[in-house]
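Both of the next two complexes hold subunit A, though its partner changes from subunit B to subunit C.
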Partner chain A sequence: MISIGKSSGMVEKTGPSRIIFDILNYGFMILFAVACIAPIWHVAMASISDPRMLMANSGILWKPLGKITMKGYRMVLHNKSILTGYGNTLLYVVWNVVVGTISTMVAGFLCSRKDFKLATPLTLFIMFTMMFGGGLIPTYMVYRQIGLINNRLVMMVPGLLNAFYLIMMKSAFEQLDSGYEESAKIDGAGPLTILFRILTPLVKANLAVIIMFTVINVWNSWYPASIYLPRARNLWPLQLFMREILIQNDTTKVLTGTDAAKAADLTSNLVKYCVTIVGTLPILCAYPFAQKYFVTGATLGGVKG
Partner chain B sequence: MRRKLVSTVLLCTMGVGMLSGCGSTGTAADMQKSDTNATSQSADASAAASDDFSSPLKISAWVHTDDNNDGYLANTNENPVISYLSKKFNVTFDWQIPAVGSETEQLNLMLGSGDYTDVFDTTFSQQTCQELYDSGVIQDLTPYVEKYMPNYTKYINSNETVKKSAYTDDGKIVYIPDAKNEPTANWGGLMYNRKLLENVTGGKISFPSGKDEPTTIDDWDYMLGLMKQYYDQKGLKDYACLILPAAGYFTTGDILTGFGTTGSYYVDAQKKVQSGILTDQFYNYLVKMKDWYQKGYIYQDFASRSSDPFYFPNQALTYSGSAGIFYGLDAQLGTAMSSKDNGIDVDYHALTAPLDTQNNATALPANGMVNTNEASDVFGAGWVVSSSCSEEKLIRWLKLCDYLFSDEGSMMKSYGLTKEQAGDNAIYKKLGMQDGAYWFDADGNFTYNPVSDPFAASVKVKENQLRIARFPGMTNNTYYNQKTSDTLKDADKIWISNGYSACIPAGVTLTTQESKDLAPLSTAATDYIDSMVPKFIMGTEKLDKDSFAQFEDKVRSLGMDQCLKIEQTAYDRYMTK
Partner chain C sequence: MKKEKALQNYQKKRTWLYDLKMNRWLYLLSVPIIIYFIIFNYVPMGGILMAFEDFKPAKGLFGSTWVGFKNFKDFFCGASFFNILRNTLVINLLNLAIAFPMSIIYALLLNELHLKFFKKAVQTIHYLPYFVSMVVICGLIVDFCSTNGPVTKLMVMLFHIKQENLLQNPAYFWGINLVSDIWQGLGYGAIFFVAAIAGVSQELHEAAAIDGAGRLQRAVHVTIPGIMPAIVTMLVLRCGMILQVGGDKILLLYNPSIYSTADVISTNVQRLGIEQMNYGYSTAVGLFNSVVGTVLLVISNTLSRKLTDTSIV
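Our next item is the complex of A and B:
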């Protein structure tokens, strides 16, 4: 079989081995995609299933069990904490993405400067924090001393500069051809112009990765709030509220009670599925849009042919 | 020059970013806290002697809650009872409530950092109250209790067992319990699906013991045989006549007590602490379980279900009617789990442990295992006062707690506010409960307000939002128990007849050193036991007298003998209090 390569216009010969490879390749990729989608699909179907039938079910659901119900979603969305949590999480995500990314970029740029004498010790200092932590109680005591406990800033300041991302940015800047910077300098550009107008577009791919990681990390974060915001529920992120709802509606707990009606009304069994959907849907929706920038960023180049 | 300047500015920006937050003055109050505590001691002493609550106090309190999303402590100070107590004692509470699921970590963090609240609940403490006291975290309350808590003093002097539980081994009171005037019904136990037996026998169930309900091993043999017959006839592939926990035995003693032993420690007739595992009766249990496993009576995959709670095994089986016998919850009794629309027709009855008549056991329970832990039924988790609490606050707190041991306070703690107490409380008004959370009718019968009746099928507000279940004080269960359904009361009688399993009295406490010594030994021995028992039952490990003797030797060599010695020492100390 002979086919014409779409991109290059070259004629390719497609032999049996190529066909077998394609079949296996596509088959594997489809299986892999199904394996990724199946758990999410199961949760989505379970969240609208009949709770009684759901309790008696084992295995993956491909369609809702019994009559479709939105009871679980009503229970979740009627919880006032969800809105509070959404608001807080959005604030933390936006703050960390905007301020965190700018800080990372600036720090990465600085550490990548060969003419900056403190670049190496500063990089080592930052790398040190990647490998060694103070431990929970000392960290708590430091935060307490500086007034971060039960303070919104504890969610916005300590994790602002991620050492790993900083190293990524530093490497990205170092890999760029020095010609970009030199030509910009000849044209009279200062460091800020060089950083934000010349170099930043060239490291878009790295930025996209960092932003996506930051969004996912902050969106999923609940642990720091559980430790450092014990008296400030109004500052809790969505995931901490959701974790609480999930544990509180654990069927093994809610079933002990005074009346048998509770055994029949198993709506709370749906809550864990509904909470999962409510908590992950925004990030799932955002990811495909962000992915576009991965591709765009990766294919952008400063040197035109 | 300009480049250096920009570099410096950028460096400073980054430095500020990294270190922002430093230098806060918000901790000045904390810094001064110890000084304040020290200087207030003398003032407290004079304030202590009176019932004058004119000076407002703020007490910080750590408490956990997992009741529900709008639990009574979610808006803690709005809770009507807390609001009432705050006014009565001129106290405001600063609550520290950990996120659900993070309780132990939060409490450890508080204890580790030294940032104690004035009072805290020890339910999630990994240290005993004795250990907390020994390490200086909490205060000795003995002189204050005797002076300021007449109701509590009267309570602990009313019963010798309670008194033993109230004091530490060295004669100190270091915590105030959430006590109960009487226990409530058990929340779960063994249950069997009687409907299966009726279906197979056409309603003519005939237990070998001649009784209406299964009570002996012979009865269970008969019952399990019928269950297997039923499931096989239906062609079910995934079913379980009997679901055992992953370890192969119930540490709570269920089933085992029928054989005359238990899954943990017990005190024998000679007042010696023994292990229920290292007994001939446990061997008899293993032999029988192996027999049942081979016959297909026991759930074939039981050993792999280690993440299932023992009281909530494989829900796909239990809720589809494919489980004959399992450890269930009170709300699952009867036909509650039936679903006619889905063809699920079940009728679960409470089940007592099977008396091992095949090995000449004659009565339940054996080995004098009953009535040795009555204190745990009435003496719950305790609240302690931290070393950072001032004496003035301590006395006010204890007076408040003492009120909750009075008849009036006990009713309030357990059931909420009466009409008179509720007054113009905003929450009661909003809920239309101006008549109070409960009342007594003309004949003196207790009646719940339907709005918050915990036994009603549907309520506007959960009862925990109107009471303070986890506070120290006396929980009055009398009226609650009166309202409990007959089904549950009957089931409870059957479950209690299994005998107690945690046979070491609840008041027995270990010293700090004993706890340290016991933990690794106990873990090693238990891990070995839990790995071997399923193998014996499934037949992957030879089971006869010799192999069981080797198993016992190994358990002893792993530290069980030392564990028994430590428990014996603690028990003897408790008995001579």
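Our next item is the complex of A and C:
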């Protein structure tokens, strides 16, 4: 049998081996997709299940067990630790997106200037830090020396300028036609006016990639906070509280005061699942919009810094 | 061309002083950026000296006692050295030998899907686990591998192992780590190869098809050679990182009962340095790690240039 391939106009054979291969291939793709979704679906279903029945269950849930209950969510959304974590995470995300992106843009702009004698030395100065670093302990000691340990600023200042993003912005600016800029200059625009009024709209796509990865990385980050904020629970991002509940399996520290009485109740069993959903939902919602930037981001290098 | 040349000449002729006057705003903007990189990147580089000291924070970098290579000797002769090095290598080599080829095969299989919307839909779903936070992923692993978890139940049913918390048994850690890595990274890890496959010349495919090459033959003789540079690039990068295990995942998953198979260099640095305040020793281990990493990167890059004419630098 001979049929014409749709995409390239090629002549394709469709023998029985081809059909078997297609079935297996499509089957594998569907199976893996199910495997990707199932754990998250399981958590979502568990979070609204009857806690008593949940205790006895040990399989993957496809639908909620027993009567649907929102008790777990009510408990989580009234919990002070979780709310603190949510607030902190939001602050860190917004700050890093706004201030971080603007600083990265300004720095990339400076490095891209052809009529600026410092541009090349500055670029080399920054690129050197991509290859060599002090490592964990020396960095920790420097932060300690300047009083950043257990200080909110440690989540807001050291991550502002990312050398990879900066170099990406630099090459984006360099690829622009210099005509725009020259005409603005003739009209008497200063460098910052040129950057924000003329050039920024032209590098929107690159900005979107940087913003998307900043949001995802800051939202998901837990490691720096665990090292630099060991004794400042009120500054913790949500992920650290989630670590306490999910990994260390310790709901007692988070559920304090009036919740403590309830914690004896089986409802605390639900908290684990509800927290997971509450902490992951924003990423899942942003995900479909972020999709088209994945390829650029992946070729840019490591995403999880 | 002419304009560029003129600009170059202009730049050369310009003295620093004149440039400073003309671009004073640009210089002013550069100052905070330079300070930022000095404080957060260059000063810590100086801290590497701690590796050769018995560092005490109270005495400072220049007041602490010099001990030469004692910290390195302690590390190489330490009881846990062999263990940590083996775990780091095994975890990375397993990943390189199994997860890496799988993402190439996955990209090739994806390329064989002809229903456009289906391809897009499954790809979207397959990326998903990569964007879920490590804390949640590890929370799921902890939950699923607990004594009554679904994964444990499945393993008991399939292989008749003892029903226990899988994360408490050192024998299972490498497997759990590898499988969860594949689950989380297969879709996203293949993006690079998917992009490379899209770039393979369509004419070559057509020519091969006219010569009677089937799908499999074309995949082997056209697609794979076409994406070889991409494969080599990734392989070189991975070889350079062979001593760098993503410490954050292991930090979340391990516990003292499985240190024998789960403790790697980065977790060791973190535990001894930050928690036990063994600063000099930890810095030495970190330094060893990055020096070996750089050497490996250079070697693998040179090898790939010699063998395949592809290199990343």
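We adopt the following convention: the second predicted complex is superposed on the first by the 182 of 305 C-alpha atoms of A that agree within 3 Å, B and C clash if a C-alpha of one lies under 4 Å from a C-alpha of the other, contacts with A are read in each partner's own complex, and residues count from 1 in each chain.
Here is the rule we use: a residue touches a chain if its C-beta (ideal position, glycine included) is under 8 Å from a C-beta of that chain, and two chains touch if they have at least 3 such contacts.
Computed from a prediction, not measured in an experiment: that's the story for all the values here.
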item	value
First (subunit B), second (subunit C), both or neither touched by A:G179	neither
First (subunit B), second (subunit C), both or neither touched by A:R52	first
Which superposed partner A:V106 touches (first subunit B, second subunit C, both, neither)	both
Contacts of A:W236 with subunit B and subunit C, given as first, second, both or neither	first
Partner chain in contact with A:L192 - subunit B first, subunit C second, else both or neither	both
Subunit B versus subunit C as contact partner of A:N79, first or second or both or neither	first
Which of subunit B and subunit C A:I283 touches, first, second, both or neither	second
Touch count on subunit A, higher of subunit B and subunit C	C
Partner chain in contact with A:N25 - subunit B first, subunit C second, else both or neither	second
Touched partner set for A:W219, first subunit B, second subunit C, both or neither	second
Subunit B and subunit C contact sites that coincide on subunit A, given as residue numbers	58, 103, 106-107, 110, 113, 115-116, 118, 122, 136-137, 140-141, 144, 146, 158, 160-161, 190-192, 222, 227, 243, 247
Subunit A to subunit C touching residues, read off their complex	6-8, 10-13, 18, 21-22, 25-26, 28-30, 32-33, 35-37, 39-40, 43, 58-60, 103, 106-107, 110, 113-118, 122, 125-126, 129, 132-142, 144, 146, 158, 160-161, 190-192, 216, 219-220, 222-223, 227, 239, 242-243, 246-247, 249, 272, 276, 279-280, 283-284, 287-288, 291, 294-295, 298-299, 303-304
Interface residues, subunit C side, partner subunit A - complex	7, 10-11, 14, 16, 19, 22-23, 25-27, 29-30, 33-34, 36-37, 39-48, 50, 57, 61, 109-110, 112-114, 118, 121-122, 124-136, 138-140, 142-144, 148-150, 153, 183, 186-188, 191-192, 194-195, 202, 205-206, 209-210, 214-215, 246-248, 251-253, 269-270, 273-274, 279, 282-283, 286-287, 289-290
Contacting residues of subunit A [partner subunit B, same complex]	52-53, 55-58, 66, 79, 81, 99, 103, 106-107, 109-110, 113, 115-116, 118, 122, 136-137, 140-141, 144-148, 151, 153, 157-158, 160-161, 190-192, 222, 225-227, 230-231, 233, 236, 240, 243-245, 247-248, 251-253, 255-264
Subunit A partner contacts - residues on subunit B that touch it in the complex	2-3, 6-7, 10-11, 13-14, 17-18, 20-27, 30, 66-69, 74, 94-102, 105-106, 109, 112-113, 115, 187-188, 238, 309, 311-312, 315-316, 319-321, 329-334, 336-337, 339, 341-342, 344, 454-458, 483-485, 487
